[in-house]
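Paired with chain B in one complex and with chain C in the other, chain A is shared by the two complexes that follow.
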Partner chain A sequence: MTKRKMFFRMITASLIRRRSRMLVALLAIAVGATILSGLVTIYYDVPRQMGAAFRNYGANMILLPDAGNGAFNSQTVDEALSLIAADQIVGVAPYRYETVAINEQPILVAGTDMAGAKAASPYWFINGTWPENENELLLGQEVAQILSAGEGDTLTMVYTLSEADEDNPVSQTSEQRFKVVGVLETGGSEEEYVYISMADLEKLTQPAGELDVVELSISASQSELEGYTQTISDRVDGALAKLVKRVTQSESTVLTKLQSLVLLVTIIVLALTMICVATTMTAVVTERRKEIGLRKALGASDASIIWEFMGEGLLLGGVGGLLGAGLGFAFAQAVSVNVFSSSIAFRPLLLPITVIVSILVTGLACILPVRSATEIDPALVLKGE
Partner chain B sequence: MSLLELKNVSKIYGDLHALDNVSLKVDTGEWVAIMGPSGSGKSTMMNIIGCMDKPSKGEVLLDGVDISKESAKSLTRIRRDKIGLIFQQFHLVNYLTAVENVMVSQYYHSMPDEKEAMQALERVGLADRAKHLPSQLSGGEQQRVCIARALINYPELLLADEPTGNLDEANENIVLDIFSQLHKEGTTLVVVTHDPEVAEVAQRTITLGHGKIMKDMINENFGR
Partner chain C sequence: MFFRMIRGALTRQRGKMLMIALTIALGASLATAMLNVMLDVGDKVNQELKTYGANITVVPKAASVLNNLYEVEGGETTEGAYLREDELGNIKTIFWAFNIVDFSPFIDTEVSLPGGGTATMVGTWFNHYLSLPTGETLYTGVQNLRTWWDIEEGQWLDEVADGADTCMVGAALAKANGIHAGDVIRVNGRYADANLRVVGVYDSGDDADEQIYAPMEIVQELSNTDGYLTSIEVSAITTPDNELAIKAAKDPKSLSVSQYETWYCTAYVSSICYQIQEVITDSVASPVRKVADSEGAILEKTELLMVLITILALVGSGLGISNLVTASVMERSNEIGLLKAIGAPDRSITAVVLTEIVLTGIAGAVVGYFVGFGFAQIIGHSVFGSSIEMKAMVIPLVGVLVVVVTLLGSIPAVRTLLRLDPTVVLHGR
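For the complex of A and B:
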């Protein structure tokens, strides 16, 4: 039998046959490793989760016309979107605003892409349904009050193509009839508009006009977003990109705070694990003073004593880490499902990292107790204690 | 030639002379019993001879090497290479089986060899108990495991401090039989004991009192 085999036989025998004591240390390490791997998973997943959650609060970037630098139309928007990673785009809502008359009252109408508006502004509350067909409209709550109209009513929109002047005594207008299918409640200025599809607006105004603003909801980090605004403004003629500061900043503030909290908790838990392991190991060394004295009396060098105890500690660290990596993922999954109601993908890299960190933490925790083991006097075994 | 020589050795704790100017020679192959009342310095002497402690004064020559001048590290090496230790409290590693306990000694000395360890257990009549843990062995059996462990590396000097102190008559006889066999094979034995019967079977009996050698006599009846 080789020395190494005997070494492993001794340390595994110590762990297996002296279960009760080592179980405490193992438990401490496993709990520490669980929280470590769980929190690290959450730490890396939180931006994605939070981003998704924040996308509920509406657009975080807008595109505006860059006056005098080219047209701002759907082609410009497509060009800008091609600069953003497709899987990060949550919603795109182009808006073109015109003033029309409904029941002789001047009303602001917004032409948009209904599906895009729905995706970019998930918080919009609709009484009724979103317009799906031609000549259907969505009425802002305030406009609904002004017109005393509601779901199911039919409204006629009049658009002035050209004002009456000396040459044309009669002003030219176009007219379209719309059916109200929903009333929009947001609590904000969105309620002051009437929403129709871009195609309907173009039918009303005849020549295709330019867009006024495009709202984008993008699932990306603050720095990525900043990069996108820069490249779009630089590379796309006719468009300027801006971040909606109110949304992006609160998102990144919450994120930074949450991540530092997670980091802090992880460090505290690791420190506690270390203290627990160090305490257990100190108790173990005290408990095994006689055995250590005996081993020294049999000719064990300080180095072999250190390696035997370290070996036990590191083996515990490895097993605890392995347990913790698995449990930690389950823990992170549970948190994710309960808090963010979405699941997390397992990160294979986390397994070796958790195991290595557990081994390191245990090793560190063992240094002092193991050093004290070498100070035990072999003569103590001859004393009939 | 003497295997062990103590020259004016003293061990002083504060103003207590646990050993007081002791001089002593033990020849290779000799079987020496050390007697004396409690507190007379027997264990102190064993610790010094066993390279686990250093004298306050004097020289201790083991195989011609003055171990009173060696560093703790080389004392460990000398202890490992030359000395077999047997204690009153059996001192086995409680989570290792009998054969593994014997192998621990091989492990620190050179190479663990399960077959050889089994042979050592056979020699003390414990082959069928090899896979038992110390808690599953009787006191006498445990002490025999200790003897097997002390013998496994063929030490030049076997030191035993009260080896039969916790044993009944029958087990005491088994242990003494093993000692006498070892003596026949040429092992040098130094055995501390309170028990006159254990001292009687040795070749020579040294009696300590207050840290001094009071009597040093050859046993006329030795071997009979």
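For the complex of A and C:
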């Protein structure tokens, strides 16, 4: 029998024969590894996931027309959007404002893309429903009070195409009947407008006009956003990109805090867990002083004893690490689904890291008690002193 | 005899028992730190979220309609069109006064500038010193409510040091009119003129870039609205809305008496709004949904995240402790075999072993609690810059956890050992 074969046989035999003790050790390592891989995955994923939650604050970038530098319409917007990574765009809401008359009162109407507005401003609270069909409108709360209108009412919008002057004694107007399907509550200036779809607005005002502003909700860090505003303003004719400071600045403040919270928690939990793993391993090894004494008495060299124990520890560390990496990912996934209702990406790099850290911790935990056991006289150890 | 055995075991096996105590202390400190942080994280994050500014605005019942749609300007101080300045302090007397972090009044008017253009001038508090009827004093104003402003030139206006004839100018307006910090500009209001020294130029990234912010008295003088306000912004710490809060927000009268009590005595944004309306005459207080809703969502997510991480840490430390306890009990097979061989009944063997382990565990847990509290403070100070509150409920939680976990770890091991034949055990197989 070769030396190597004997080495492996001793390791596997000791693992199998001392099943319960080894299970205890394996469990300890697996728990440690689970915490390591689970928490690190969460730590790396928190900014992305939390960033999505922060998009509740609404648009963090706006596009404005760059006067005298080309048209500002849907093509301009598409051009600008092509410069932003598609998976970072949460919502795009173009707005075009016009003054119309409803019940002879001047009212500001905004044409927008309803689905885009819903995505870009998730905080809009609608009493009723979002407009889905043609000729439906959303009424801002304040306008609703002025007009004393509400859900289900029908309103007629009158748009003045051209004012009356000397040539045309009668002003040209166009009219359209709209059904109120919802009343918008935001607590902000949005309540002062009436919202209709862009197509309806274009029908009312006839020639397709330019946009006034486009609100973008982008899930990206502040520096990325700054980069986007720069490239859009430089490369897209007719559009000027600006950050909504209130949102971006506050978001980066709060997000930095949250991330450092998770980081610190991760560090403390990891440090404590690793010490826990190490003490358990130490306890398991200390128990085997007798065995070490016996082997020494039989003439085994210190080095071979240390190697054997290390081999055992490393095997345990490896298996426990693998197990923990899998369980940790499952935990991170569960957290992500429960907290952020989205799945988490598997980080391949974390697998070797978890296994290596587990092996290192178990190795370190084993080596100290084995060392001290080999240093004493075998006779004393065997006698049980 | 029982006590002597335990004392003997604890002193003679000092090294081993110390190791168990150390592991339990580690586990307990982990549990303490995580539980304390988890229970306090809501308050802490809520404070951080205040950087988004006010989450409640208070306007007079009829104001916005008059101003924005009929372009009626200040001057005619009709009832219901303005809020009263002398009622401002009342905001800090409501049931949830303690939750109101900052608030600031606003009054705005149109002014014309020497260059010929016009601008909106907003009168407000910057860092106003307020002494309340309750004896409390605080500094409040836009300096706390506009944390995202970048000061491009000069500095924040200081109400006391700079005096009344001062202002801050938005970056866009300053650029268009060539105004710099330190300049003195002449503004013409509808009822009076004033020479104001520009203390700072700010970049806000919104409409305020086109406006002038000045101390309240000077704007009231320019628009002849002494003692009146157009709006109040309030920043309050709130509890995320639930079904009750949504129902109450629509109509508080639809609630039953007990529901009403619960709602009124919970810091929902709607109940704080309702209480503000009670103390400010002819006012409408409404949540700024953008801020209030997002705060709720972010708070909920952070809390849930911390709860799950805490559960993981608790399970981890629990398994760690019970593991070590199992290992250390198994190790004592010889001793247990010997006790059995000299005729000790199973029950007393179990009692001796368990008492030893639980005593060690409690000692470890006490040390662990204080260490863990230290860890919680480290987290609190380095992340939020304030200490984590000591929650009393953590003590019994950690105690129960440690006792349950040590018992769970030792009972199965003791039972396995008791089932073994003493001769086999003593023989060392």
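The definition used in the following text is that the second predicted complex is superposed on the first by the 284 of 385 C-alpha atoms of A that agree within 3 Å, B and C clash if a C-alpha of one lies under 4 Å from a C-alpha of the other, contacts with A are read in each partner's own complex, and residues count from 1 in each chain.
Going forward, a residue touches a chain if its C-beta (ideal position, glycine included) is under 8 Å from a C-beta of that chain, and two chains touch if they have at least 3 such contacts.
All values reported here derive from a predicted model rather than from experimental measurement.
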Partner chain in contact with A:5 - chain B first, chain C second, else both or neither: first
Touching partner for A:24 - first (chain B), second (chain C), both, neither: second
Which of chain B and chain C A:340 touches, first, second, both or neither: second
Partner chain in contact with A:101 - chain B first, chain C second, else both or neither: neither
Touched chain A residues, chain B compared with chain C: C
First (chain B), second (chain C), both or neither touched by A:294: first
Touch list for chain A against partner chain B, complex: 1-3, 5-7, 9-10, 13-14, 17-18, 290-291, 294-301, 304, 377-379, 381-385
For the chain C and chain A complex, residues of the former touching the latter: 16, 19, 22-23, 26-27, 29-30, 33-34, 37, 41, 45, 48-49, 51-53, 56-57, 64-65, 68-69, 147-150, 203-206, 286-294, 297-298, 301-302, 304-306, 308-309, 312-313, 315-317, 319-321, 323-324, 326-328, 330-331, 375, 378-379, 382-384, 416
Chain A to chain C touching residues, read off their complex: 20-21, 24-25, 27-28, 31-32, 34-35, 38-39, 42, 46, 49-50, 53-54, 56-58, 105-106, 121-125, 142, 145-146, 185-188, 192, 242-247, 249-250, 253-254, 257-258, 260-262, 264-265, 268-269, 272-273, 275-277, 279-280, 282-284, 287, 331, 334-335, 338-340
Complex contacts: residues of chain B adjacent to chain A: 43, 46-47, 50, 52-53, 73, 76-77, 79-81, 85, 87-89, 91, 93-96, 100, 103-109, 111-114, 133, 149, 161-162, 165
